[in-house]
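Quick heads-up: structures coming right below.
Both complexes below contain chain A, partnered by chain B and then by chain C.
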Partner chain A sequence: MNALHTYQALVAAAERRAVAKTTRCHVHLSARPLVLVGYHLAGDPGALLALMWGTTREEEPRCIVVPEPRNRDLRFDALAAFATEFLAYLSEFEHRDEAGMCLDAPQLVVPNAATADWLGGIVGRFTRNLRADGDGPVPPSVPLAGKHLSFFGGFMPGSSLVLVATDALTAHWQTGQLPSEDLNLAALLGWIDPPVGMDGPEAARDGEASPPAGPDSDPNWDADVLAGLIQEWHAADSEASQAAIRRELEDEIREQLSPAWVDCWRALDRLNSLPAANHLSSRWQSDRRVWSNHCRRIAEGRAYFRNIPTPVQDATSLRVLEARTEGLQREMAWDDPLVMAAVVASGEALAGRVIAVDPDRRTRNVNGRAVRRPLITIEPTLEFTRPTGTTLFLSTNPGIALEVLPSDASGLIQAEVLTGANVSTTIGRLPSLGDEVVLSPYGTPEFYQRSNVEDIPWTHQQNFEDDSQESQ
Partner chain B sequence: MNPVDAASAAREAIWATVATGTRSTLVDSPPGAGKSTLVREIGRRARRRAQVPIIVQTNDQADDMVRGFISDQERGAPAVQVGRLHRDGYVPPGDLGGLQELTFSKSINDLHDSNVIVATAAKWATVGLDRSWPFAIVDEAYQMRSDSLLPIGVMMESLLLVGDPGQLAPFTFADDTRFRGRPLSPVETAAATILTTQPATARLVLPISWRLPSHAATLVSDAFYEIPFTAGTEPHQRHLRRGVIPLHRGRAADAVNSATRLGWAYIELDDLLMPQTDPEAIAAIVDVVRELLEADITIEDEYGIRGLQPSDIAVGVTHRDQRDHVRTGLQQARARTGVPVDEVVVDTANVLQGREFEIVVVWHPLSGRRDASEFHLDAGRLCVLLSRHRQACIVVSRGGIREQLAGHAPTEPVWLGEMAPVLDGWHAHLTVLDHLVQHAV
Partner chain C sequence: MINMAGPFERFRGEFPRQPLNARRVASALEAPGCQRRTVLDAAAVDLDKLGSLISGTPRDRQSPFAITRGIQFEQQVVDNGMAEIVSLARRHLGLEIPEVRQRDLSASALREAYPGVTGAQMNELRARLTRQRLEEMLTDPAGAYNLIRHAMTRLDFGGETVYLEQDVLAFAVDGRIYVVEIKSFPRIDGRADPTKASATVRQTAVYVLSLQRLAAQIGAPPDVVYTTTMIVLPVNLSFRPTAVTVDIDMYVRRLRRQLALVPQAAEILDVVPVGTRLPAHPANGAGADEIAAAAMAARGALAPLPPRFTDGCVSCPLFQHCRDEAELHHSTARLGSAVAGACGSVTDITVALDLADSRRAPVTASEAAVASILARGAAAARLAVGGLA
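Coming up: the complex of A and B.
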């Protein structure tokens, strides 16, 4: 754990309230998000019990329940009801500009990562390939919704297409409790946004007492309420009495899921109170591009999702994942002084005041040619102990690369500009005397031209024995 | 059979296998068993049939490979034209400039006349996949990630993969949850991928370590290797001699004494939980390096007698911030004392893989930690650190490693469908510790 975050966690514990880890909001917040919470039957993630969703906090959320979660007909009826509304919501985001890019993209908001994994992973996976014809047909909306859910299941770091409330909050605030305790949205919000008259830990204990945010329901409630209602539903002898029991179950479910639904909106409010970070729009732009491509594939009937991706697909997604992970880290640090402060605290970045600038300094390079290498001298705020030769980049202009020179006993750091501000046209980008600067390890990323592998080569083709037996 | 004959018999067996035209051959090699020699020899033989691409993992390894070809020729090996394919902006090392048999280029189009072409896997991924070669050699196949093998597989019709199974597996800094437990996961090693997809792969071993001295080979073989190996040299062939006997005594001096006499030394600092960049550990390492350079040590080995240079010494650490702090500490010590301690190589285990030094100072991966996580327990990490030296190894650590191992509760998830590591890091650590405490100073 980063030194600054450890300190913030201790401050949070001592002051009994969460501490801000950022000064900016690093997730995109849609004007019209779809907040989605739900339960499945205990021990059976495939058996949907209830879903609750809506796009504004004022409305009463929509809710579906399955009075007997093991009954497949009922399960798919409920999924169809959800699918219709889900597809209607998504269709709002299909308008395109002249370039063929969707004007906006949808955003799913879920309380925790477990719900996101359940909906995008399990529910998406078991519905996306269902058939609307043949034996046991399902309404066509179900597999279509399953494809969309699967799309939302494969998100990358920095993407805001799916906003996991606990993840988003812990990226912006540090609580004084354990990271595993932060997985409980109600407890986490207790630390960040305690009700009047309560401190963080009190509000967190209070939150822990409220019904779980899903996708697993409270086992006591299962035993005391759900089991009885399911039994009654089986015992009911008329459609009218079954409908009555279904309504009763829906009321119970609403009581259980409402806290999580409200908490999702509270989380959005807290995030909304922060000004948006600079690089957010470009990340959302890329989300829109991904969404546009997905819509096109759906429209053309080409939206396929493999249960096990091919090695070529895996290699591509690993490369994207690595680039996105690094990119997000970099952009957050550039955008947010408090995030950068954590990098300074770890000793990787150098913060300080410029006390001398020599823009005309020349030295000889390895080939003996005279080159312009402007020199800046910095009085560091924190002791900087990285070795001579470390390459750093100016945080306000990451195209400028500097190398740390041998230091004397004065404690001042001298750094020479390698690129980005060493010719007459760029020399103006140098910081001025008296500027507070941060030199960080985050430079402008380099792009490499790579050849794209299309077919799986022999080194990655797995021949299973039964194939060869069949061919004999 | 003496070690020299055994090693050359192993090489002949490997060539015989390759010459039959097998599609994939995998050679497991312990540290310093002549892996690079094998790659060059097979390269020289196979180039008679066609140009041979050699795929390495880092630019340092590529430069070392090129150097190997040059020095082979100086010793009388048949001349080959070596092409070194590199990225734009790469500056060839000074000692490789102006050689007739060597061509540097950033484009494969300039290397038609080369008999062998050496480049990193990352560079090979850029040459355009419409080309093809009948046979290529992959060096450090246990260090190469499966996704880097994809473009190689497209271009090369058959492969000889050579690697050290005891080394650190490749990794990603990204969250790799979605790839775990999958067949042919992109974060697997290239060697594991080939073994999965090509069950007919011929597997051979190099049985003798030329690098490790006899007193280290047994330990490293026992602790880290499934297939045992032995040292190629006799104990009397390798020696360190001190020129200067210091008047002052201290742990650093004792450690250097122990290392020169027995080939091992273990400095155990007080048992304390410390941050990753433990200042006392850094100070101890700096002292040891300074003592090594001031002791006027002479190296004796099968090649002759010479003085110990700073570049013969490496400091192996676990984390990059440890590397930076040790480098800074050495730079400050040089400024203070004038001893060129900052000229020794300081790097993480990942970067030191495949490299060789006379003396290695190791900062124990578990030193001062509260948690013995999977990362720090990784047998490969310790194995790399303890198998880089030809003469002696000095380990610096906080005490309490044994308690830490005993109290360690594994917290990492178990991935279904993933093969358990052949080696248990926990057990390897204990074996090494049992050995080290005998050399505590």
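Coming up: the complex of A and C.
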């Protein structure tokens, strides 16, 4: 674990309150998010029990319930009701500029990663290919909404199209509890935002006592309330009494899901209290581009999703995942001194004061030609032990690359400029004497992206002895 | 009678007993090194009751819907003379089962043939019948049953006999025995929930190990019981079964090692003050004072048993109690394995912070090493606040 985060966890435990891991907000917060919470029947993720959603906190959230989740028709009726409103919400983001890019993109906010996985991986996955004609037709809005949910299910690091409240909060705050306890949004918020008169652990205990945020409901509630209501619904002999039971179920569900709904908004509030990071707008721009492309595919009827990706698709998405994880970490570090401090604490970056600058130093390169390699000498604030030859980049100007030279016993670090500030037009970019600088491992990314994966890499070769017949 | 009993029975005293099952034996693998849990398991203490007595909140039940679904799926799989199992075993285990001779050894199936046998006697009977069937399988493969449902085996857990009910035992013509486990969590697009899958694997390892021991008792080599097991799961959201074969050899070996260590748990009790024992569980409708007194006594009895608080503890019924205790003692374990690991020999949060902020000089070499890491973290935090370029 990172030394800074270890220290912060200790401080959080001692002060009984979460400690900030960042000074900026690194997720895009939409002006009009769709907060979505829901339950499925225990042990049966396909049996949708309820969904609750809304776009402003002042409004009464919309809610659908399925009085018998194991009944396919009832389930699709309820899903159709959700789909209509969901599609209406998404259609607000279809206006395009001259370049064909959507002006804004939608944002789904869910309480935890399990809900996001359930909505994309189960609800989306098992509705996107349903037929609106033929045997057992479903309302056409259901498969369309399923396609959109599948799209939102495939989010990548750095994307804010889907905001998972627990993930976003743990990226910005360090609590003094177990990482597995951080998965509970109510407990996590207890540490970050305890009510007046309570400390973090107390508020977290309080939060644990509230109904679960889904997608699994409270088993005690299942046994004490839900089972009885479903039975009553079956036993009801008239439509009026069935409707009455349905209303009763809806009241119960609202009571169960309201805390999670409120907590999602509280999470957004906390994130909103931080100033936005600089690179956020470019990441949201890329989200908008992805959304625009998805909309175009939907409009042209080309929005297909594979249930089981091909090895090449898998290898490609792994490559994208790695590149985006790396890119996110890099941008967060540039934008945020606290994130950069964690990199310094881990020993990868060098922080210190410039005590000497030699802008006119020349050395001979391997071809024997004299080249200009300005030298700066840094007094490190924290011990720096990376080996000679390590390439680092100036954090304030990542275009400037430096190489660490052999150090003497004085403890000072000497680094020569390789690129970015070694010709007469760029020499002014060198830090000056007395500057506090950070040299980080994060340089400007190469402009040209790596080529696509064309052949199946050895890591993704399939063992054809495996039986894969039933997966088709 | 209590005087005659071993150290574990003396420790449990009047507290309700809960016979161990495969799941609980398997959980010994999940909480390695927790002496508190080992003693409670060896003493067969009803953990759910103990946990809810101490924390004052009722233990979560299993949802009736999850239970119903599990039963429905199992029923579906074993209907029609286990036709599904047979075809899955032929395909996935590569077994030639030319003729299916099956036998159900469940309590309900035996009740007719053996009227009046109940409870522990029934378990004993089923275990005996399982042993006989297994002997027949190994001596007379051509005539014996080759598919046994609800077989019952025994496993020794630190002197405590655990009865284990297996879903299905399949016997191959070439003299191998396979364990088949039926689970109702779905396998979606070829993937099952990894947490549930690994819990299943650990549980199946308990069955395999107990069968291997039984084979050894009969005089057969233990490896007639194959460590490749077949797990039957529903495909996607349907009730249609599919199977995956997993080699669980590693888990069986781990379990064997773990079980060998259990008798040493008695040594933990050697150092516990004489007379430490759990209280009797308050009767239904007992007054608040009585419950509070019992909870207090239970906490007292647990106190001398050292827990090992880690990330996996959230699923333990005693989680809340151990958490409170860790918090009370300012234990670094409260923050999870990663932080506790980074703090090494420094187990107190206050001490760790004093070292980090150099309010305290490190005494030992290991403390010095920890102090240098923590001081680095603290310095980085100050750096960020002071303004980082």
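Quick notes
By definition in this document, the second predicted complex is superposed on the first by the 446 of 472 C-alpha atoms of A that agree within 3 Å, B and C clash if a C-alpha of one lies under 4 Å from a C-alpha of the other, contacts with A are read in each partner's own complex, and residues count from 1 in each chain.
Here is the rule we go by: contacts are C-beta pairs under 8 Å (C-beta built on N, C-alpha and C of every residue); 3 or more make two chains touch, one makes a residue touch a chain.
Note that the structure is a prediction, hence the values are computed from the model and not measured.
Look at A:Arg386: by the touch rule set out above, it reaches chain B but stays clear of chain C. With both structures placed on the common chain, the touch criterion links A:Ile308 to chain B and to chain C. Of the two partner chains placed by the overlay, only chain C lies in contact with A:Ser180; chain B stays clear of it.
Judged by the touch definition given at the top, the superposed model places A:Val366 against chain B, while chain C stays out of reach.
Here chain B and chain C are compared by how many residues of chain A each touches, and C touches more.
In the superposition on chain A, A:Gln462 contacts chain B only, with no contact to chain C. Of the two partner chains, chain C is the only one that A:Pro337 touches; chain B does not reach it. Once the two complexes are laid over each other on the shared chain, residue contacts for A:Tyr7 go to chain C alone; chain B is not touched.
Judged by the touch definition given at the top, the superposed model places A:Asp222 against chain C, while chain B stays out of reach. Once both structures are placed on chain A, chain A residues 308 are touched by chain B and, in the other complex, by chain C.
Only residues 57-58, 60-67, 69-70, 91-92, 184-186, 188-190, 235-237, 242, 311-314, 327, 330, 332, 334-336, 338-339, 341-343, 349-350, 352-353, 356, 373-374, 376-381, 383-384, 387-389 of chain C touch chain A when the two sit together in their complex. Put simply, chain A touches chain C in their complex at residues 1-11, 13-14, 23, 41-46, 121-122, 125-126, 176-181, 201, 209, 217-220, 222-223, 226-227, 307-308, 337-338, 340-342, 344-345, 351, 381-383, 395-396, 435-438, 467-468, 470-471. Every residue of chain A that touches chain B in the complex is listed here, in rising order: 157, 308, 311-312, 314-315, 317-319, 321-322, 324-326, 346-348, 366, 385-388, 390, 406, 448-453, 455, 457-463.
For chain B in complex with chain A, the residues that touch the partner chain are 23-24, 91, 122, 125-129, 146-147, 149-154, 159, 172-176, 178-179, 182-187, 190, 193-194, 196-198, 277, 321, 324-325, 327-328, 330-331, 335.
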